[in-house]
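What follows is a pair of complexes built around chain A, which joins chain B in one and chain C in the other.
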Partner chain A sequence: MATEIDQEKAPAKLKIVEDATCTFCGCVCDDMELTVEGNTITKAKNACVLGKSWFFNHHIEDRPEAMIDGQPASYDEAFDVAADVLFHSQYAITYGLSDTTCEAQRVAVAITDWIGGNLDTTTSVCHGPSGMAFQGVGEVTATLGEIRNRADYLIFWGGNPAESHPRHFTKYSLMPKGQFVPNGRKDRTAVLIDVRKTKSAKAVDTFLQIRPRSDFELAWALRGLARGIDVDPSVEEKTGIPLEQLVEVMEGMKRAKFGAILFGMGVTMTRGKHINSEAVLALARDMNRHTRWIAKPMRGHGNVTGADNVVSWSTGYPFGVSLTRGYPRFNPGEFTSSDLLARREADAALIIASDPMSNFSQPARDHLASIPVVVLDPKLSDTARIAKVAFTTATYGINTTGTVYRMDDIPLPLRPAFESPFKSDYEILKAIEARIRKRQLQAVS
Partner chain B sequence: MPAEFILIPGRTSKQGTSLNEGKYTDNYQTEINTLQMNPDDMDRLSIAEGDVVRVWNSFGSVDVPVKSGKAELPIGVLFISYGDKSCRLMGGETHGSGMPDSKGLDVLLEKVES
Partner chain C sequence: MSLYKIAGGTVYDPANGIDGEVRDIWIRDGRIVDPPDDPGTKPDRTLDASHRVVMPGGVDMHCHIAGPKVNMARKMMPDDKRNAEPVRRTAYTRSGTVGSVPSTFATGYLYAGLGYTTAFDAAIPPLAARHAHEELQDTPVIDKGFFVLMGNNHYIMEQLQNNEEERLKNYVSWLLNATKGYAAKIVNPGGVEVWKSTGGNATGLDDSIEHFEVTPRQILTGVARAATELGCPHPVHVHCNNLGMPGNWQTTLETMKALDGQKGHLTHIQFHSYGGHPDDQATFCSEVPKLAEYVNAHDRLTIDVGQVMFAETTSMTGDGPLGYFLHKVTGRKWYSGDTEMEAGCGIVPIVYKNKSLVHALQWAIGLEWYLLIDDPWRVAMSTDHPNGGSFMAYPEIIALLMDRTRREEVLKGVPEGLRERCSLPDLNREYTLNEIAIITRAGPARMLGLPNKGHLGIGADADITIYNPQDDIQQMFELPKYVIKSGEIIVEDGEIRRDERGKLLHIGPAFDESHTDHIREWFEKYYTIRFRNYPVDDHYLGESHELVATQPM
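Up next is the complex of A and B:
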């Protein structure tokens, strides 16, 4: 790559970062080759359209390092105000964490524990229902490497990878040539199940356009067929899919040597939620009576899987964890952020690398805007705009090193492209933690 | 007479790319503030591209311009990218799951006469 660049124009600043990791989506592709000129990434070889946009638009912005009540402030001033907000809270929530490193996530867990707050991540409004379903029926799982090398039958369910995870098809699932699928796409059969005929429909062999809110019924019908139970033809009225077509799909599923169901938020966000996920996971389990099948959620944010892992190994639960009694309690619906805000229970919030003001329900947004909020984000967001304290941060993976987890729970290292004048989430959280501890120790001495 | 629809908020590739440019860029704001509709539904209700419609349910009401969802959307289904508008149509109830009903929302729709 370096030979393509005019060395005389930028001899000192040019840098090539090989095997860099893209943290935009849950694919976490770690084969990026970045060309860096000063504080700008000018080329991102191997990146998809989303990855290119991620790398090309995270340059150093002309913004204050922190804002207090909408006014520019220094980091030190902001650390103190943030620590005061959290120290004096009665029921603070920590939320977000899916777009930062595992190292920063650990500090966020520690802060929440010190102050006896509530810990939750964007998982609760993403694949949280799948996390609940794992506890109900288990997860027959595999890595993306196994899918790439083995899967000869793929079902994409309630998702649109062509737009949301553009390299999933080409790098991990549909297209690549693998050890047991040497002809790549020709050796694989693919089905898409969705309400919308999205761009992903063009890539598959069979598109099942189901009626809205009928994922559970479809999964249950397929479970019946997998177990040899007669399914009533009325399933078509509910799902829009004729029984004959389901039987045909099931025959193909049984003939497969290795099948994978990759499901998205069309399953988890629709009425039924964790019950929908349970049905899909149970279908994969049932299929193991015939041949090897697995099911994996398609995770969205770059390190949302890391958030699940860090919160799980720290507290025993993946999200929606109350630390108010000094020991972890898990109860989705009670200790999940959307609920705590909509019920107007939280009195302060620490929001890390997330923008709930742009995706929470209106009652939750109304309450969040009424309490003191501490925000860490590399970009200006709706949540930063209503914050008591807003920190501008370095971008993980582009400016900072650390660890992230791919959607299949594989940890990967980050190789930053250039330094940022802004502090990392980890550094900011450590500074806030130190100030909270100082206040706590002073209070008891 | 309002028409009944099912609204499916979601993410798009364009939203993903414009998100990195910034949430206050024209591209991003246009993406999260535009409603997609099946062309047959548009014909049935005499709605042209760019016309503003009112979409509401028991939780809130929003006015949004319409564009054709082409063949992607079945009749009776609407799509909008996640953002301020979709939030206003979401209630706080999660049915013990932590997840509000975020897709498959029952809504009513009416053209806003200019």
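Up next is the complex of A and C:
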């Protein structure tokens, strides 16, 4: 891989990296101007508050390059043990992948394929239901630039972009002046639908505070109105929103030239899950009878969209894929990591750039802690603490090149700020793969 | 530097005028070389090909196998894979899923298994070029490349509006360089922009596209001229307006006429050859004879067919409004994806049934095209995979072309009304093996301007398929005895013997750097990514690539 570090503007010690990409959230803003002094980023121009914390908190940590059973070890020793664990497993799981490059994801998928393991990403605990809804009804969507250049009506649903994706409003959706919305905010109408009044409520024209667990009913009522079907006023009892207000919103939606629904985990992780996502996707689809509408899930992790893409092109399915029979099978609930671990099924794990020990259910954590785990993480995560083998890695985007996909599936290159003494996920996974393949090919020759 | 000899095969190499002659082929370093001067020279290895048919490896010039659209279809259609035999992992090869949209590894192995060694994805939005490259790197064995969508590009429309031909030409060049693509592709020129802005479509070549005040005709001729002047090895690749609409043959004829003697390739022309009235399905019929007559008389036009086969498949297109149309017709799940400044996309599952008069006519219209074009060098085999059917159907199509009794068998099962709506039942032509070699490898390679593909002359890539002759033509082409890629046996009796990466084929036409600032200025106004992060750098070329030469005017 080529490493390209910009040094155009600066003398040896102080360095400016232009057009760097922030991988903290799914917005993947690629207009960072990083000031780098030695091994520290001291300024991150254009970064939001989350981006700044990402760039300022990833310095080189004083940690061993690898740990085996909690004891410092060399990379080479750790590669051997990691390969050994995975090679000898009967049912290994690979999990995480959303905070690393596509190049590393591809190697992780290869390892899982070669050893016949189970492949899953953090999608299964965030927008997995949207992926399943997509399989049910499809999706009418667009890149963020289409929203920026055309959208005159925006519905944010079940999310709080002001705090979760701080630049979404200013760079992609609500505020910017666009090609066909030259006056920016003035040309746009914005609605927020959520169960609580968050910071995002201040930014919109209309806030619909719905009762918890009524997203499906609200979406279904709007679908009815879109189709000209009489909706019963009892919808207010269920959702907390009077029918007249829904009618008014629908009239605005129909008058729009280009509308967009941007929905978050408030839709996907509440009662109904993928049925909620289906309702929202179907609403956006149906609106195309009247005018142009699109929908888009607001993805969280920096490269979770890349993980979906890599897993899909390699196996045909987006997440929750079993390769244990020697070919890909898909079944959320059966092959999703948290479920599989809670049933105490796996006998080894390869965890890449994610921390299931801090967010899985207790039964899943108990089982994970009881099996040999190989962990790749720049930080000493809870999962790294229980690992058989823990690799300290370079941080993607800060120390390594590679490819990440924005939440709208646009692939972007990374421009690292400074070199890390630690290896990248890609390099570590390649070394493990090479060891596993050597053994496998010896066995057949 | 080992020397390899394929001995005594019956060779079909139409590009070199060889029609079923018994010959030896010599290979060194992955290429075909002259026989040694000393007749006593012994090769390091010999493959006995006696009593076998030897052809160059197949070339699929128009398919959808990589990039955002294809991957969305994979994600959307788990159902499509459950009834299909998967590709199992072996000691040397990766696993995958099949159905109408196979996963990347499966795609490479399946093409190789059919004796195809080169394939081009036909519709990549430039903004997603990196994605296409990543998938192609994970598509083993075959050599590959892609066409770059340009027919609804805002910069191109603006330059046409302002009569800035030099800027247009340089932008086309810049875009091909920035994406590391192979050819300029236009899909429903102007119509996709209408869809993106209003939900409508362009209806003909002379509609004015709102905001840009240009017509599909201007986009077509402007991009065609740019591709010609840049000396692109493949001319403009055209998906006409009004795909699938009854009566669209007139748009297609107008498109051919608009090219006015310029080189152009009209793709999946089956979908563009319909008579009848747009509002009345009952009037649907074939207009292939009139269009084929025009193509026969104009030797700068080439076509591929986009054959429909009776099966379940997935429609996927850069033609956004077409996706919506198919969703409305079928009522099935629908993906639509608009790409800023550049392109659109539609995906809908579809089932072609022989009991449907419209579907049966589409099938027949495809075959009429193969049978009514006099010069096989100007028609390439395609199903527009997976739109008309999977590339896995090519052996069946070959059998239909070589054996008219097979066509008659199928015709027995289709609605009676077909006979009066197309000429297929009256066509007795049967393809020869040599003609099959033309439409599946030599012809598409020549249309693409690939000097080292589709033939077995000196210097050609040693991509070779060896078949056991059989009475059952379909079976013969479904299961080659050997498939050789870059001089190595990759497939034997249907088994992949070793993995190979294959190489990327791309072009780098000349670009006048003085145009960069103007492009950047426009780019920075509207795109949501940085200008410098747009071009694809060399690391996406993968382990192996070939820059195919351009010949500017």
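Following the convention adopted for this analysis, the second predicted complex is superposed on the first by the 430 of 445 C-alpha atoms of A that agree within 3 Å, B and C clash if a C-alpha of one lies under 4 Å from a C-alpha of the other, contacts with A are read in each partner's own complex, and residues count from 1 in each chain.
Everything that follows uses one rule, which is that contacts are C-beta pairs under 8 Å (C-beta built on N, C-alpha and C of every residue); 3 or more make two chains touch, one makes a residue touch a chain.
The shown structure was predicted, so the numbers you read here are calculated from the model rather than taken from an experiment.
Undergrad: Contacts for A:365 in the overlay, against chain B (first) and chain C (second): which applies, first, second, both or neither?
TA: In the superposition, A:365 contacts chain B only.
Undergrad: If we overlay the two complexes on their shared chain A, which of chain B and chain C does A:31 touch? Say first, second, both or neither.
TA: second
Undergrad: For A:425, select first, second, both or neither according to whether it touches chain B, chain C, the two together, or no partner.
TA: A:425 contacts neither chain B nor chain C.
Undergrad: Which partner does A:403 reach: the first (chain B), the second (chain C), both, or neither?
TA: second
Undergrad: Figure out whether A:57 sits in contact with chain B (first) or chain C (second), or with both, or with neither.
TA: Only chain B; A:57 stays clear of chain C.
Undergrad: Identify the overlap between the chain B-contacting and the chain C-contacting residues of chain A.
TA: none
Undergrad: If we count contacts the way the header does, which residues on chain A are in touch with chain C in the complex?
TA: 1-2, 4, 18-19, 21, 30-31, 102, 106, 110, 113-114, 116, 131, 134-146, 148-150, 171-172, 178-180, 257-258, 285, 288, 291-292, 294, 308-310, 312-318, 323, 326-328, 330, 401, 403, 405, 409-413, 440-441, 444
Undergrad: Spell out the residues on chain B that touch chain A in their complex, using ranges where they run on.
TA: Where chain B meets chain A, its residues are 6, 8, 10-13, 16-24, 59-60, 69, 71-74, 77, 79, 82-84, 86-104.
Undergrad: Going by the contact rule set out above, which residues of chain C touch chain A in the complex?
TA: 66, 68, 70-71, 74-79, 81, 86-89, 91, 94-97, 99, 101-106, 127-128, 130-131, 134-135, 138, 196-199, 211, 324, 327, 333-341, 347-348, 525-530, 532-533, 537-539
Undergrad: Considering the complex alone, what residue numbers of chain A touch chain B?
TA: 24-25, 49-50, 53-54, 56-58, 120, 124-125, 128-129, 132, 160, 162-164, 166, 195-198, 209, 212-213, 265-266, 268-271, 273-274, 300, 319-320, 332-334, 336-339, 341-343, 355, 358-365, 379-382
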